[in-house]
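First chain A sits with chain B, and in the next complex the same chain sits with chain C.
And then the complex of A and B:
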């Protein structure tokens, strides 16, 4: 569905000015922050000493995506109060990752990627299974973010889908290329402030202009199920979303690269604080959707409920605020994903499989080439979307990856804390969890994929480890560069 | 079992207040790290 310029909520002239201004800001900031990067380690891990303020903000910004700002209102409209409460449980992923981040930093002071950990801990086969799961998730998320960018810019301003998508992707590729993780983290700080202030501003004005009594009364009249605390599908969604968020964070190199990059004592506090500050955001963003009956808004496409309410309550100012928030939210996740996925491909595919003896400088160059290639691949995939109704299915696209990511939770947790974990159990847990989770997704609904994926994966790991426990020496994870033997055997005795 | 207007309002106001204070806290932390040379 393409929105013509004359029916968009923001005049194209203002939208172009905003796009130009923020594009220049992000690219200039990225170049400035990354101008002293000299090695792959500088580029990939920002010097491994990121402080608490920037660490907290980057964790928050990356976790606030277009999905948060657009899908939280959609879920509130579809699943009611549990929709927004359930989405906010995604914060538990950040909170629960806090102790893992500390342990990762302790066990792997020289680590680069989540793939490094799986290879050293479980061996080549599990590593390759993990890479497939992780790269499918990362590429799926990249393409869906680029598509969401094009669709949302079009829906808000009438700018052509491909033009909007190309601009946002090019801007993110440019500043990630110029500044690496330093640029990503620096821009994330500014983007976090913009996103939270924008979302809170819209919520306060909705409360002021509509009021809770009117919202509640109209919902009771028109959509009483949205206020029902015993809405079965919504309660199922709540637990599914919890596992989905945990799975996304526990396995993805986006979060592992930050655990390696944050200062030695920073990771735990940064993830904990980011989770606590992120917790209310889906409630704030989602709540505005509950005002639609009171405002008499007809919502043609569920994902667009947030911008529609903002435009109704605030007029042009609301449309401008939403546009800036959406641009910042998209950029803050796209850049992180580009950086972390290019690191994973460079370290685990290029260096792990193609050129094991690649020098530091070769890896530095390869990381940059990977960022450009990923950008081009993402652009190609997002360009040929045909008539796929992306806007109407953002949540469905998002939760499709639930089976993949939730099946990786227990291999990561057991790998970090349980010495006896069986490596084959970890690999088969991911395979069986993903397979059966996808069956559940199609046979039952999007709200069970992560639940099934996590449960099956746990059962397989427990069974294999009970039948054939293996010993592991934690010090193997601390080596600066993997030995040839470790590369071959994956550190498995 | 329906959530009341009062309970819904309380939860949303608390959430929005935390969201409003979060940028202030982040900027304060930034200044704190910056003064001590601990940004990076």
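And then the complex of A and C:
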């Protein structure tokens, strides 16, 4: 379902001008920042020496995404105040990753991807299971971000969903292609400033124009369960969302590549600060949706609620601010995900399974080819929004991946901290957790999939490790780049 | 005979409107607490919500060009919705959705399960370096 052009708040002319201006800005920045990239390591890890300010900004901007700016309002409208607060618990993913980032940097000074860790720690089979989990998640997130771009542009300007989605995706592919992680981190810094200022402005104007009393009164009259602290689905959602966020961050190469790229003592502080800065953003973004009854706004599709309400409350200026903020938020995540996923595919599939002795230059080229291929695949899937069951709304796509990522929490945590973790237990934990999590997704709802996935995965790993503990020598993790060029422990087919 | 034809002619537009404006697929039962309604058949619509079969407590939920809406925040109960083209007299057939939230027992079971997993996670990370 789309918003017709005649009922959109932003005139198409302004929308096209904004799209053009920011597209040129991001692509130019990408080219400028990445002009000195010469090797795959430059392109993938920005020279492994990113400082605290850029590191904090990129971690926060990447985590402020379609999830935060558009799914948080959707969840507030569907699950009420717990939906909104529950969403902010996603900050714990960043905060808890802070000690992990430090340990990752200590254990793997030459590491490139999260796949490197799983391969060295648990061996081939678990590595391949992990790659399936990680790539399904990355693809789901990419599709949800591309969808969010199309929804945003359509909701605000009436420009066709597919046209808007195609433009945002193309811009992000272009500048990631040109600049690699260095460009991603640089643009993230600019985008963080835009996001913080924009969200603060929108929140201030919304409260000023609508007021708490009117919002509360109308919710009690028309949608009283949204204020009910014993809203059952919302209670089930709380820890589900927390564990989903933890699973997303702990396993994804988006965050591992940053742990490798940040300076040696930077990762811990950067992730901690980014989590604390991110915490209030979903509450502010979600709160806007609760004003829907007070404003008498119809929400035709759940994931349009944020842009629709903000634009309605704030008028043309507000629509422009929302457009810029969400465009920045989407771009900051899409680029990170494109970069990190292409690294994972290049490193763990191309080099790990197809050409183990690929040279630096071959890897560099392969990374760029992967970025383009990922962009094309994402475009194809996002084109079918509403026509494929799981590609229904942003939340539906996103939480479908919850079962996958939450089942990967324990292989990462147990792999980093427990010397005797059983490798087969790690693999089976991901398989069983994902399987039963998906059963929960379809049988109960999206708000339990990650929770079931994490609980089952924990139980399986504990059981296998208790029955058959396997000693591990931590020093083996430092062997990510052996002297002969071939990948250690299972990299050669 | 001519009176009958006249009556049919008078009813015809109403009949056509009632037939052409209607809902798409709607859920019969909602456990999550939110669901979508979609409709079709006109350029502008009126959507009505009621709780009883006779629509005594009906209220207009929406009036405008959109072809769908998200319903959320309703307590347990039986809700009836009907739609018509704005300005028409005739309504579509009612579509009935029964809102029956998950039980609190099930909700707290998942809450406790989540709290347990989270506690183990915190302990694992906090004690991790020492154990390693």
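One rule holds for everything that comes next: the second predicted complex is superposed on the first by the 470 of 493 C-alpha atoms of A that agree within 3 Å, B and C clash if a C-alpha of one lies under 4 Å from a C-alpha of the other, contacts with A are read in each partner's own complex, and residues count from 1 in each chain.
Note that a contact is a pair of C-beta atoms (placed from the backbone, for glycine too) under 8 Å apart; a residue touches a chain by one contact, two chains touch by 3 or more.
As the structure is a prediction and not an experimental result, all values here were calculated from the model.
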Which of chain B and chain C A:263 touches, first, second, both or neither: first
Contacts of A:200 with chain B and chain C, given as first, second, both or neither: first
Partner chain(s) touched by A:230 [first = chain B, second = chain C, both, neither]: both
Touched partner set for A:210, first chain B, second chain C, both or neither: neither
Partner chain in contact with A:447 - chain B first, chain C second, else both or neither: second
Contacts of A:419 with chain B and chain C, given as first, second, both or neither: second
Which superposed partner A:277 touches (first chain B, second chain C, both, neither): first
Partner chain(s) touched by A:243 [first = chain B, second = chain C, both, neither]: second
Partner chain in contact with A:148 - chain B first, chain C second, else both or neither: neither
Residues of chain A that lie at the interface with chain B and also at the interface with chain C: 224, 230
Of chain B, residues touching chain A in the complex: 1-6, 8-9, 11-16, 18-20, 22-23, 25-27, 29-30, 32-34, 38-40
Chain A - residues contacting chain B, complex: 46-47, 49-54, 56-57, 60, 81, 88, 182, 189, 192-193, 196-197, 199-200, 203-204, 207, 212-213, 215-217, 220, 224, 227-230, 263, 277, 279-281, 283-284, 287, 290
Parts of chain A lying in touch with chain C, wherever the complex brings them together: 1, 3-4, 6-7, 77-80, 96, 99-100, 103, 219, 222-226, 230-236, 238-240, 242-243, 246, 298-302, 305, 409, 413-414, 416-419, 444-445, 447-448, 451, 454-455, 458, 474
Interface residues, chain C side, partner chain A - complex: 31-34, 36, 38, 62, 64-70, 72-75, 101-104, 106-108, 110-111, 113-118, 120-122, 124-125, 127-129, 131-132
